[in-house]
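These notes open a run of structures that come right after.
In what comes next, chain A is part of two complexes: it sits with chain B in the first one and with chain C in the second one.
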Partner chain A sequence: MAETKKTPFSAHLLTGFFALFVLFLYGPMIAVFLLSLQGPEGQLTFPMRGFSFHWIGAVFGQQRIGNFVEAFGRSFSLGLIVMVITVVFSVLAGLAFRKNFRGSNLVFYLTISSLIVPSILVSLGVGVVFNLLNLPIQWYSSALAGHLTWTLPFAFLIMLGIFGRFNPAYEEAARDMGASDSTTFWRIVFPLIASSVIGVGLLGFTLSYDEFTRTSLISGETNTLPLEIFGMTTNVTSPALYALGTLTTIFSFLLIGIALFTMQKLEQRQNKQEG
Partner chain B sequence: MTTDARKKLNGATSATHAATGNIQNALADAAAGVSLRQVTKKYGPVTAVESVTLDIPAGSYCCLLGPSGCGKTTVLRMIAGHEEISSGDVLIGDRRVNDIPAAQRNTSMMFQSYALFPHMTVWQNIEFGLEMKNIPEAERKSRVGEMLELVGLSHLANRKSSQLSGGQQQRIALARALVTRPQVLMLDEPLSALDENLRVQMRTELRRIQKQFGMTFVQVTHHTEEAFSLSDMVVVMSNGRLDQVATPSEMFRTPSSQFVAKFMGDNNIFQGKVRHCVPDPTSGLDLVELEVEGIGSFYSRGQAAPIGSTAACSVRPDLMQIAAVGNTSQPTHRANHITARIVSIEMTGYVTRIVLMEEKTGKDILCKVRTTDWEVESFSEGQVVSLRWSEGNCVFLPY
Partner chain C sequence: MQGTLDQAPSQPIASKQRSSIDWRPYLLVAPQTITFLFALVLPILAIFTISFWNFNGFTSVPGFTLNNYLGIFSSPVYLKTYLNTFKFAFLVWLVCVLISYPVAYYLAFRIKNSKWQTIWFLICTVPFLTSNIIRMISWIPFLGREGLINKALMGLHLTNQPVEMFLFSDFSVVLAMVHLYALFMVAPIFNSMMRIDRALIAAAEDLGASAFEIQKRIILPLAAPGVAIGTIFVVTLVMGEFATMRLMSGGKASSVGYLIKNQIDSLQYPMAAANAVVLLAITLMIVFGILRIVDIRKQI
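This part shows the complex of A and B:
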């Protein structure tokens, strides 16, 4: 008798378990997504009353749901600023840490342990220091500082990993052939880590774009998007709130998509035959 | 490489082939010797290389051989300028290069994993060094073209290095290293990434190119056969020091220390005490009698050592004569003799390996016999045989 290829029961079990895991991850998002498509009569909770794009439209309409467009603008700009600083800092730090300088271990542990300081304390601390120094408390000053306390250590850790895998023979070869340090960096090192750098940039952006706790006390008189949405939960009682959530999520996915696409293109360019 | 291309490189007389002739001359003219004068490298309290003095003549192929951690790679990197020298001097030609950066030493290095830039094409990889030296584009073009032709891979110019096979990568790395016409080419385990067959093939190719252009090659390897087959000069290192500097055949015949004898592989080494030394007029060396505990005394040739000192003697596995016990037809000059039991017989192809155990002490002995000869003698496993070797085939190792 020919043996038929039968999937063992355990494989089905594991598939089921994985499906549950995915549902657990995306369940809340799906709920919000569905509720934002309520009919015009819909409420903040299930059941769905019809299906429409009414509330999506309402986000852009003259609803009293706070100043979402400006908040989005602020969060987007802040995200970009954080991204640029994070990328520059982490690449430089990554390069520095390959040299094993004196005290590098201390700096490493200090940087990493800063991640476990409670976020709200960081926010409070940044506020206190800015007050003390008489600096303006604004989304672009104190909130930026708060975000960087979050993104820099993360990006730094990732860069260490990237450079840890980077074969120093490439640089030695370049220097052997007479390349200066800066030529070696721009012609050899940077192109080889470029796709990872995009990843770090994206991480910096999303960490900042999402950030709530660290920003909560130090965004000044204007709100970033997460703070604005949180504010709305107390005074907006329509599914427009969910619609806003759906829109920002789609925006985030779009960003990730663009970044992944760029990374893939870069790698393809590296591997593909030219001409 | 096509025979046509090879002809061009060898001949280089006709005007049309002047360009290829140029590399021939340029590479041969460039070749310089390397001298190390008491070169030492320390990493904090650890001494990686200790007072190495060595002269590598221009145009020779020199292999630094030793186990990992013996300091051979550090020596190579100090010559290339990728490692600072703690004390001593490194000279390339007549120029002291201690404080000259790698790029200005007129050396090139071929890295262990080749370090071809994966984001560049083959052409760009080879051109990079010329670009860095600000060589005009027209000349760059002709020189890269020449090198590609030399390694026979012109058709791959536009490939990315990640799309090449191991052997192709190796050739491109060689082309990239040679295109700047270095005075000395440094090779760091250049064959270790290749599989066995390809390794032997590339070995021949490396040697051919080195000879053809009369260049100075300094190579690091831990592979004895590789070092022997490639070099004019083998340098064995252990614990940061030089053990022996010799031609391959000299080293094979007369290792200078127990370390070298062991490192070369299958040598049978007997440790004992020096009992007697007399000058040996036929060799100009001394005839040393060594008392090996539990076995007896052996005669070997070498430099005399104090009576009573601990030393050893070594005999190659192919120089022991196997005979039936009590066979008296052996010539009398075979001064050394033991009896041993055959443990196993391994036919490996041209050579048959016979593993034996010395009868009195249980010491492992290895013999290698040509398979054709073995088939005539044919002893069997478990049989006790007599092993003989002359003092001329037994090397005295004072340390």
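This part shows the complex of A and C:
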């Protein structure tokens, strides 16, 4: 980035602006992280009062703060289900869109339209439909349906992008040598898209794990983690709230780290195989 | 990012069997399409139907009445709520554009090394993969009565008493929403800017165009589709949510999303449905308005 010629003032200004933006994104996160490590007399604002893991521990005690562990379990399971369905459905749809077929435009616009329908509408509508059909309203049924309307369009767009850059020569070669559709997919296509599939999976999981509005009216009598935390904001006024924030953020960071690491490994392996 | 795949453009495979229809694409898109029919189209139809039902004070009664809609358009309270929602959508959109354009420009044009470009873009993306609710809460240490901003202001003797307006105000709602949704503006603008042919800019520079002229005549017009996609995202997100409004305004400000949520809590489904239909209609009008101005199809 360091250029030999004199950098104009405006360039420094832009760098400064970008740095401020990153600070804007991470500053609050760091504040919450620090404040969750206070002593037992800690409050919601700076300065830090003591240092301990008291509040982190408090998250797992049930008396202080709602039932975090069970809510986490639900959000985690739901995230996994959403992830698997999102990956499978979007890869299948991506494969279909490699050929022009009659009605493909309609499918495309139906999928994209899901992004521009206000979230609260999806929540309300799914709830109404489940009610009318006498289906159980639970985090694993109605909330699952609500989440898929949000994760599938993103995954679909990403798959279109991936298959758009995909060189069909490899598969054609496999087919010419007599490989079946499924052999061609698992042996040729899947290894080539594997690292992108992990990216789509990560996106599916985190979008679901953090989703609030598209869960809010349709999770039944039990809460997912975001709903549980939202409920706590009204009655928990101790750093336990921040401790919960710190824990879930660390969890998200871990997932992102694992996914990025795996993606990089897969791409390296792929590069090696291609020589 | 997809360095492993060949860059050769994919060529449509000439179909060998013209005589019979190939059913495979239909089978492949079926799971996704059925999901959307069930979880999107059917719910919207149901909402539309219920918006004409009666509400007798306790429960919804099937029927056909326009009273729910008349109620919305004749009530000053509802109209004010709609105006308030537009106000927030506009403010959040404006701030998002003003922040995201320079950020995307910096990422796309100032960082020359593509590896660092990916890394910095990821750094900007990671916070958006963490919990929205937690990200709202994380403003309390800054904005509260005892928060850092008030402490700083009082330390500098700019004010003697803590300023109440930072938390639980329009300001905190806009701030939190920008914090939550800015990436939805940054990413599409960045994507558009990365497609700009660098030779265009080099040519303009050689011809003596000023930095401002290059922005105005090359980069801005070519980044416009990205701004349009970002606008669609941000406006829809702000219109469809209620959590930020509830949490960051301390229940003071209202939005249509919040209104719908309250109506459902008091079981007034027909009113909630009518509001949802109006909200959807307005959102679609905005989206189609944007699509008329800017052609975004080439961006996908």
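In the analysis below, the second predicted complex is superposed on the first by the 254 of 275 C-alpha atoms of A that agree within 3 Å, B and C clash if a C-alpha of one lies under 4 Å from a C-alpha of the other, contacts with A are read in each partner's own complex, and residues count from 1 in each chain.
Simple rule for what comes next: contacts are C-beta pairs under 8 Å (C-beta built on N, C-alpha and C of every residue); 3 or more make two chains touch, one makes a residue touch a chain.
Small disclaimer: the values here were computed from a predicted structure and weren't measured.
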Touching partner for A:Ile137 - first (chain B), second (chain C), both, neither: neither
Which of chain B and chain C A:Leu192 touches, first, second, both or neither: both
Partner chain(s) touched by A:Thr183 [first = chain B, second = chain C, both, neither]: first
When both partners are placed on the shared chain, which of chain B and chain C touches more of chain A: C
Partner chain in contact with A:Ala173 - chain B first, chain C second, else both or neither: first
First (chain B), second (chain C), both or neither touched by A:Val117: second
Contacts on chain A seen with chain B and repeated with chain C across the two complexes: 167, 169, 172, 192, 270-271, 274
Chain A-touching residues of chain B, taken from the complex the two chains share: 80-82, 101-104, 107-109, 111-113, 115, 117-119, 121, 128-129, 132-133, 158-160, 162-163, 176, 180
Touch list for chain A against partner chain B, complex: 167, 169-170, 172-179, 183, 187-188, 191-192, 269-275
Complex contacts: residues of chain A adjacent to chain C: 1, 10-11, 14-15, 17-18, 21-22, 24-29, 31-32, 35, 43-46, 85, 88-90, 92-93, 95-101, 103-104, 107, 110-111, 113-122, 124-129, 132, 145-146, 148-149, 152, 156-157, 160-169, 172, 181, 192, 195-196, 202-203, 206, 209-210, 212-213, 216-217, 225-226, 229-230, 233, 241-242, 244-245, 248-249, 252-253, 256, 260, 267, 270-271, 274
In the complex, chain C residues that touch chain A: 2-8, 10-13, 15, 22, 24-29, 31-33, 35-44, 46-47, 50, 99, 102-103, 105-107, 110-113, 116, 122-124, 126-127, 129-135, 137-142, 144, 146-148, 151, 179, 182, 211, 232-233, 236-237, 239-243, 247, 256-257, 260-261, 264, 269, 272-273, 276, 279-280, 283-284, 287, 300
